[in-house]
Amino acid sequence: MNELILVIVALPLIAAVIASLVHEKSAKSISIIGSAIACLLSILGITTGGTIDRGFHHVFNAPWLPKLGLMFSFGLDGMSSLLVLLTTFLTVIAVIVIPAPKNAVRAYYLSILVAGALTNVAFASLNILLFYIAFEAALIPVLIAIGMFGGGDRSKAAIQFFVFTVIGSLLLLSAIIGLRIATGTFDYLTLKDLVAAGAVDPSLLRWFAIASFIAFATKAAVVPLHAWLGRAYINTPTGMLLLLSGAMAKLGVYGLIRFTLPLGGDFAESLVPLIVTLGAVSVVYGAFVAAAQTDIKAVIAFSSISHMGYIVIGAVVGDDAARSGSVLQMLNHGITTGALFICCDFISRYRGSRQVTALGGIWSDSPLFSRLLLLFTFSSVALPLTNGFVGEFLILLGAFHKFPYQTAIASAGAIGSAVYMLWMIQRSIYGGSKSDASKVISLGVSERSVLLALALMIIGIGVAPSPLLAIASDNGHKVGAAMQPEVK
Amino acid sequence: MNFGDIHAAGAPILMAVGGCVVLLTDLASKRSDTRKFGTFLAILFCIASMLCSYTLGGQLRTAFSNGIAVEGLVVTMQILLAAIAAVTIVASSEILQSFHLPKGEYRALILLASAGAMVLVQSLDLVNAFVGIEIMSVAFYVLAGYRRAQAASEEAGAKYFLMGAFVSAILLFGIALIYGSVGLAMKANGLELPQGYSFTNIVTISKAIHQVPGFGTSPLFLLGAVMLIGSLMFKAGVAPFHMVAPDVYQGAPAPIAGFLATTSKVAAFTILMRFFTILAGADTGAAINVVVIGLALLSIIVGNTGAANQKSIKRLFGYSSVAHGGYIVLGLLASLGTESQAAAITAVTFYIVAYAITTIGSFAVVAWLGKDGEDADAISAYRGLGKRNLGAAITLGIFLLSLSGIPLTVGFLTKLGVFMALLSAGGTWVAVVALIGSAIGLYAYLRVISEMFFVDSTQQETSSTDGASKLVAVSAATLVIVMGVFPSQALLPSFEASVTAPPVSGDEVK
Amino acid sequence: MTLQALLSGQGLMFLFFAVAAIASGLLVVILQNPLRAALSLVINLFSVAGLYLSLNAYFLATVQVIVYAGAIMVLFLFVIMLLNMGQANLNTSYRGVRTIIAFSSAIGFGGLMSAVALKGQPDVMLPADAMVTGSSAGSVEGIGKVLYNPNLPWLFAFEWTSFLLLVAVIGAVVLAGKRQQPSEDKA
């Protein structure tokens, strides 16, 4: 079963290749089949199995370019298996729910499937060079999707997104090479042991901590490295946006937990107050900017900065509950934001506009859709009994006793954002219809079932989070923490 | 002199003989039949030259009284040079046909330029290197101005000639200074000049550097060395000697531009690598290091910023070649350290091979999309190409991604190799400046990608007829991906082992 | 190089020709009238021939005078006369940034060279030490024996020089040849 992750990565890729060869009509179904099987298989990844090595299961090793130290090394722990599951799941619903642009169906599915597969490689990789390659190569399909299928400002958005993120990752590359020269290996587990044993030059670790923080913070859009996000999210086609905001942005937080903190040595620990402060600033900043938007997609995009700020705080404070909450919240954010973006896509598709001022009357026109949208919004603002509440509560709980001021600021920002979110949704779905009655949002079977499934997940995680939390707590920061049955 | 000597020098000899044969058959036959036959004949000689190089194997052998030395590195480069010549001849059939340029002379010049480059690559004596570089350069001047009917081409040729002749004089001056300083130092210290070696032989210079105390920092030698390095850098198109490169690449027809950009770099960087291996570990003060770092960083910054705002794609590639020259020089810098030397030589060699493939391919796309032999030079001509000609757009996109060093293309591995060598030689801040340069370059390449795929255009479908360029471009793009994913399988099996063996050191002379 | 060494016969000869070569070389660049510039070049070539002579390289000196100062320069002058450029001044003005850069880099390079020569004082050889010696030194026979000896490194370069000439000839033919008419080989 060690090849599990290989299969999970390869299936969508194979499907993508086949889909790009066959007729446009069958491209969609082939893409769905490939990604759906991968999604089911990644549920298996959560369970312990296969070779186990220092807290990782399903460990797989094969040489790629051994001379350069580049290996196909994969392994999963609780955190990465959840994120792999999230990525494959988002891939499936992106393919199912969002129709491809008419002129380039195959290129569209190709870009989504490849982006998902490469993101999974990054999540599952135990070789930092492999991680880096996937981390950066995953940008290419996104670049293509934004540039070819994106909104009106797509060319500028694509270039800006790509240049920003690549500058960050180039720094990361230099730090990775530095580690390799000092230790002779790119292998994550070996490096982690060496760093823990104090066998690596602290100045190098300091550089690694700074460089990797910049790279990952850019990816997670932490203020002030968020500048690419607004234009990119607004112009990204929704299918790719599910992956970009739901899975790839998580690579940033994942990188902080997986690489920056364990491999950054003491200096990374001393960075924590700064990161937490930046996270709190992100929460407030995201809320303020979101409040100034009239485009629903922009509101969701900027509220994403807020949420990611929270997740980053939880990831770095060094508290087990907060970190587990942060991992869980990554999952939640992927589901909730994905659901909101899907709804936003429906609205703009049927109503022809995403401007709050031009909407209204959806509640009476499309009752089921409106109620689901309201539920997703509740989850986004972390109302109790929704999944968002569990994650944010755990983060606050863990962070509060270490960084009370920052946490207080962050919570205040979150409350402000919640108020605005609800008000926006209220304005756009209640009230009289400002558009033709013919533009009723009518959901098809597949669309309806996807939205219902998302809603079920939101409530399910909100009511009974413990199984997922148990898995999320296995994030490499506690020795022997694999598969604890219960979290205190 | 014996058969072994001829065999060692065989690759350039075959190319030169090929040049003569092609020229004579062109004279003897009627004009219209020579197109296919001349191409075939020229390629035959290129293949013969490759085979000759290949049979030499990886071990070191010297010939012609130690005037030349052949080992793995040289074999690799000679094969690469012959391949570049063959590909150029294949890709140029279209422009020769469209503009009614003299064909025999063209092929002969390509073969002879390649022969000159091979002489340069294999020479151990700087005098031979000079003769080689002159053969190559003179042919280059003519090729750059080959399309005489077009003013830009003529201008390119004239500019290239004037600057090139000036630099050749400096190169010769530098060699003369080295000759003088080595001779003086050896005489003053009672060192014997071994039989068959001259004072300009790299081995003799190495002996002087490593055995005469204080020689490495003597001003006469340093001035000579800096002039030698500087003029070779000009031949490779490194800043600040790059002024002429974008003009030449824009003026010359695309296949020739690709030929000039790659052959000159392969040849000049290989001989520089040889020269640097003897400087490694020697006390040459800070002068050479400072000069080399300065040149490298200047090229990276100038090349990448210059590329960022171009309207002409050939000029963009011209500036990009300046920038990539800078990265190669960074690798050479790493080869100055004794510990990082082996890794640096492998990295630089791989970089040169990969760069040659990418550049030839990029220029082939420019020729492929051209109409009636006229290159598709304006970047605006690429607007919406993804809708009109998806294959060409993807091919060019692969080259652009490779040039910007994105993973899964060969450009990433080359950059990785150079940075690994550089960082292990301790050049941290140099690497950081180089990374910033890469980011600027990324923008330049992305602009073209964005024009091709992200911008709609009303331009009509261009029907291209240049099948040869298409073949070259597509196979180069395939190589870029294959080498980016599985470099070890794509290269010659003996590549790594032979290249990492240090070429020639001072220990040869007992 | 000590002052005493310079004042010997050899030294004086070197000094004379060296100063003449540099001065005439400068004049080639500075003079506005093409005819005068060409004549300065003749003096320059003669001075270099003189330097060769002082090093015992008779044959080289003779070739220098016959081929360069004689044949090639005569052709130069011929072209200048034919184009009636004798009276025309070359359009060069010694003003502006370019001139400043040119002069300052010339002075800088000259200074660098002198600094190197002075700093490396004990190393620098007297002209007498650089003389070619031996019974057939400097003659046609002596040069031939060096150039064609397979045990010396020069044979390789010498043979390749012929290809250099070939390339130059091809280039000259291509660039100077008649421009082909588009209709010529349409077939």
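Chains here go by letter, A, B and C, matching the order in which they are written, and residues are numbered from 1 within each.
One rule holds in what follows: a contact is a pair of C-beta atoms (placed from the backbone, for glycine too) under 8 Å apart; a residue touches a chain by one contact, two chains touch by 3 or more.
For clarity, every value in this text was computed on a predicted model and none was experimentally measured.
J.: Could you say which chain's mean Cα position falls nearest to the mean Cα position of the entire protein shown?
T.: Closest to the centre of all protein C-alpha atoms: chain B.
J.: Go through A-B and B-C and name the pair with more C-beta contacts between its chains.
T.: B-C
J.: State, to the nearest whole Å, the distance from the C-alpha centre of chain A to the C-alpha centre of chain C.
T.: 71
J.: With centres defined as the mean C-alpha position, give me the chain A-chain B separation in Å.
T.: Each chain's C-alpha centroid was found; their separation is 44 Å.
J.: How many angstrom between the C-alpha centroids of chain C and chain B?
T.: 30
J.: Which chain C residues sit where two or more other chains touch them?
T.: Touching at least two other chains: none.
J.: Could you list, by residue number, the parts of chain A that touch chain B in their complex?
T.: By the definition above, chain A touches chain B via 65, 67-68, 132-134, 136-137, 139-140, 143-144, 147-148, 150, 154-155, 158-159, 162-163, 166-167, 170-171, 173-174, 177-178, 180-181, 207.
J.: Quick check: in the complex, which residue numbers of chain B touch chain C?
T.: Residue positions touching the partner: 1, 9, 16, 19-20, 23, 31-32, 64-68, 100-102, 105, 108-109, 112-113, 115-116, 119, 125, 127-128, 130-132, 134-135, 138-139, 141-142, 145-146, 148-149, 157, 180-181, 184-185, 188, 195-198, 201, 218-220, 223.
J.: What does chain B use to touch chain A in their complex?
T.: So the residues of chain B touching chain A come out as 386, 401, 406-408, 412-413, 416-417, 419-420, 423-424, 428, 431-432, 435, 438-439, 442-443, 446-447, 449-450, 453-455, 487-488, 496.
J.: Give every residue of chain C touching chain B within the complex, in rising order.
T.: 112-113, 115-116, 119-120, 123-125, 150-157, 160-161, 163-164, 166-168, 170-171, 173-175, 177, 179-182, 184-185, 187
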